[in-house]
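The letters A, B, C and D name the chains in turn, as written, and every chain counts its residues from 1.
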Amino acid sequence: METQSCVEVKNEWGIVAARQAGRTLSKEIGFGSVDQARITTAISELARNIYLYAKPGEICLEVVEKTTKTGLKKGIQIVARDRGPGIPDIRQVMIDGFTTSGGMGAGLPGVKRLMDEFTIDSKTGEGTTVTATKWLR
Amino acid sequence: MKQTVQNLEQAYKHILETFLHRKTEQGLYQAQQFSKVLLEHQISPEEFVSIHRAVLEELFPTVPDKVIDSFDLLLEVMMGYGLAYREHQSLRNRQRELESEIDVAANMQQTLLPAAIPDIDSLDIGVISVPANKMSGDYYNYILDDHGCLGVAIADIIGKGVPAALCMSMIKYAMDSLPEQRLQPGALLENLNRVVEQNVDDSMFITMMYGSYDPRTHEFRYSGAGHEPGFFYHADRDEFEELRAKGLVLGVSRKTKFTEYHVQVQKGDFIIFLSDGVTECRVGDNFIERSEIISLIRKYMHLSAQQLVENVYQELVKLQGFILRDDFTLMIMRRDV
Amino acid sequence: MKQTVQNLEQAYKHILETFLHRKTEQGLYQAQQFSKVLLEHQISPEEFVSIHRAVLEELFPTVPDKVIDSFDLLLEVMMGYGLAYREHQSLRNRQRELESEIDVAANMQQTLLPAAIPDIDSLDIGVISVPANKMSGDYYNYILDDHGCLGVAIADIIGKGVPAALCMSMIKYAMDSLPEQRLQPGALLENLNRVVEQNVDDSMFITMMYGSYDPRTHEFRYSGAGHEPGFFYHADRDEFEELRAKGLVLGVSRKTKFTEYHVQVQKGDFIIFLSDGVTECRVGDNFIERSEIISLIRKYMHLSAQQLVENVYQELVKLQGFILRDDFTLMIMRRDV
Amino acid sequence: METQSCVEVKNEWGIVAARQAGRTLSKEIGFGSVDQARITTAISELARNIYLYAKPGEICLEVVEKTTKTGLKKGIQIVARDRGPGIPDIRQVMIDGFTTSGGMGAGLPGVKRLMDEFTIDSKTGEGTTVTATKWLR
């Protein structure tokens, strides 16, 4: 269970497979049904971004742990990686993004709001990597 | 958080049980009040749907599985609204931030306007200027020189809000640096026109009217740059006349010349300057007529200059359902001795 | 509208039927896509709940009445989210309006900055200035006089956004009207200080650093008003030194005096001006150290002045997850001959 | 059915009675269940405003008609009337009002969004009258 499992996204089946993997893993970790749905939605948005603008790419999932004052905490980490066009202005995407506006990276602010941690790295012409984590409360 | 959700679930279970028992409006009212509590606790809609399902399962253990399963789908769709709801919260924060920024800027803008109406023996002066939003694109100014002569300016920046405000600060600093032309309306506009032409974006124009009043001769001289005509009231004939001044708006062409007009002001006569926000008050789908503005002025002209403009404003803003579509500025100068 | 709702109801019925048949992730994915369609059609959440109930009644005519009745309550609570949803839409419109206003104003603000970096034989100059939001409270300027001497200004208005921008326009017009002091940093700051003190709200302060460079003697003279210290790089010793200038921030006291400092610039030496947005870059919960800024400058100092500042900015903005908490301005002047 | 029926609002029972009257009348006119809920919510907000800040007041309901290109249209008109403190700055209330912020008139922008037509008249110290109409589609 410590190893990463990855799903390739090159068509809509890939999106569904990534969602399924996320739902199963988050359930195993012990997330409630609402959080399962949130994690799945986050995965879905990331996978859809790859499918629409940067296919093929992959979604990798991993169980992560950290020690806090109240003991060991478990969580799920999502890494979405592609070799697509990249996002020329990440600040723009993260600041204004409206849920319903289209284009590469449109869903990212939503993903950030659904998860606890979120980082993004992107280079024009080389691709984008998004890492997002949600911790069990 | 977990605790809150459990408490809310208990509360909702109670509301639902009571409601299903006797299906009263009272129960629905409680549900509405409950929704306010949810929003206060920032419970997202998908969370609430999940609460509803949990309560339903508890109350009706025999509900068919498929009905319970259908909530999976309901919850999934609700995630979309949940995203919109979260966006709403962050929009609201950003909006509050922006609005408070703009409040500060609007205060700063107020300091660009004259702090008080100048005190001139022979003139009763009144002015009201209300922005459509928080920041104004209308500007007015009074300048009093050493001989007791008065310069009066009104300007309207085409465009509203923040850009108009930036533009207005330029007009103010530019006017401050032109002390020599204060009594020569034509020359003053020519100078301002050059400043605007050089500093302001091509898409931005300014209309303006400038007049100077000499209380020794009671002569009023004025020039205009594409600005909404004012009114001149002749007390002897009890008649209103349009106060027009031909001239191109500021910022179009570097070489614009502005004609200077003049008029002799008798006792009881008054001059009205206004911005098009006054005459373009919209009532339903129609603009108000200039003749209706005159009627309103007549209605209140027995009052002091300041009361006059305030009353006219009150009537016009009410006619429009308290929403101004453009910045509103109305000025009056009446010779009372 | 009625038509749309009926079509959506049909679509949803199909999705629900399929899902209940085999409960696959595929079905949930369809539900999520469906929620996007709902949002596109601006279907409010209470409308959707009503669609869900209708479809459920159609698919399961035998569902107990109480379960169907429970949807009355669900719908009633959903009205609260419906109100928030509508508010969201109108907030979004207002926000778009505000943002586009601010875009225009930000463009106007850009015109207050120098259009090009001045071309001076002995100096390689680079500058980058990035606002935290759209409008900046950082200001910089280059002034070239008839003898080829260069004046360099950097200023930071305490406060961000729109009010800072209004304030910045004042600084710019004030500097334009002080041509005599361009080579006397101390005197220039004293004059600006008076303008700021008179025109700006008490809660508003401006920090500033001003320097003048004479390419004939390679002497750099500078004064500061509470501004973040810059750096001076000694090429011979390969060492960085702090470029400090004591002085009160502008706008506090009318009578502030500003000490003038000077330094001799050798070939390969360079001067760095910066705003506290550079040094107060936050990484996690910690501020970055000034020594780390120096390391970054070292890393790129083999490049041209402009490439140097751009690379340093890129590294720092990435470190902060692409969110700037303060306006960021970094300037360099390097003597290359 | 042409006459106005009014409910006095001086306590929470008045709010419930006004809601009930609104739901019944809007059902009679032929509004669907979602619109019934919207009309009732609008009434509820208006009545609550009276109850919290300007009691006693009244909510009057009336069936209204207008002729349009497509024929006669029916609708429901709500009038909320009180002799309370009035709203000093109506522009403020209508421009900024956030649903969850408190104070006299806080719910008015929401009511405006739920209904088709909305007018307000208020005088400090004399009271407030809100008139809102929703037409059958």
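Descriptive notes on the structure:
Here is the rule we use: contacts are C-beta pairs under 8 Å (C-beta built on N, C-alpha and C of every residue); 3 or more make two chains touch, one makes a residue touch a chain.
Computed from a prediction, not measured in an experiment: that's the story for all the values here.
Inter-chain spacing, taken between the CA centroids of subunit A and subunit B, is 44 Å. The mean-CA centres of subunit A and subunit C are about 27 angstrom from one another, to the nearest whole unit.
Residue positions 28, 32, 36, 39, 76, 79, 84, 87, 92 of subunit C each touch two or more of the other chains. Shared interface positions of subunit A, i.e. residues touching 2 or more other chains, are given as 41, 98-99. Taken as a contact graph, the chains fit none of the simple arrangements: neither line, ring, star nor complete graph.
Chain pairs that touch, as defined above: A-B, A-C, B-C, B-D, C-D. On the side of subunit B, the complex with subunit C involves touching residues 15-16, 19-20, 23, 27-28, 31-32, 34-36, 38-39, 45, 48-49, 52, 56, 60, 63-64, 66-67, 69-70, 72-74, 76-81, 84-85, 87-88, 91-92, 94-95, 98, 101-102, 104-105, 107-109, 111, 159-163, 165-167, 169-170, 173-174, 177, 199-201, 204. For subunit D in complex with subunit C, the touching residues are 32-34, 37-38, 41, 98-99, 109-110, 113-114, 137.
Interface residues of subunit B, counted against subunit D in their complex, comprise 25-26, 28-29, 32, 36, 39-40, 92, 99, 317-318, 321-324.
Interface residues of subunit B, counted against subunit A in their complex, comprise 1-2, 46-47, 50, 75-76, 79, 82-84, 86-87, 90. On the side of subunit D, the complex with subunit B involves touching residues 12, 15-16, 19-20, 23, 40-41, 44, 90-91, 94-96, 98-100, 119-121.
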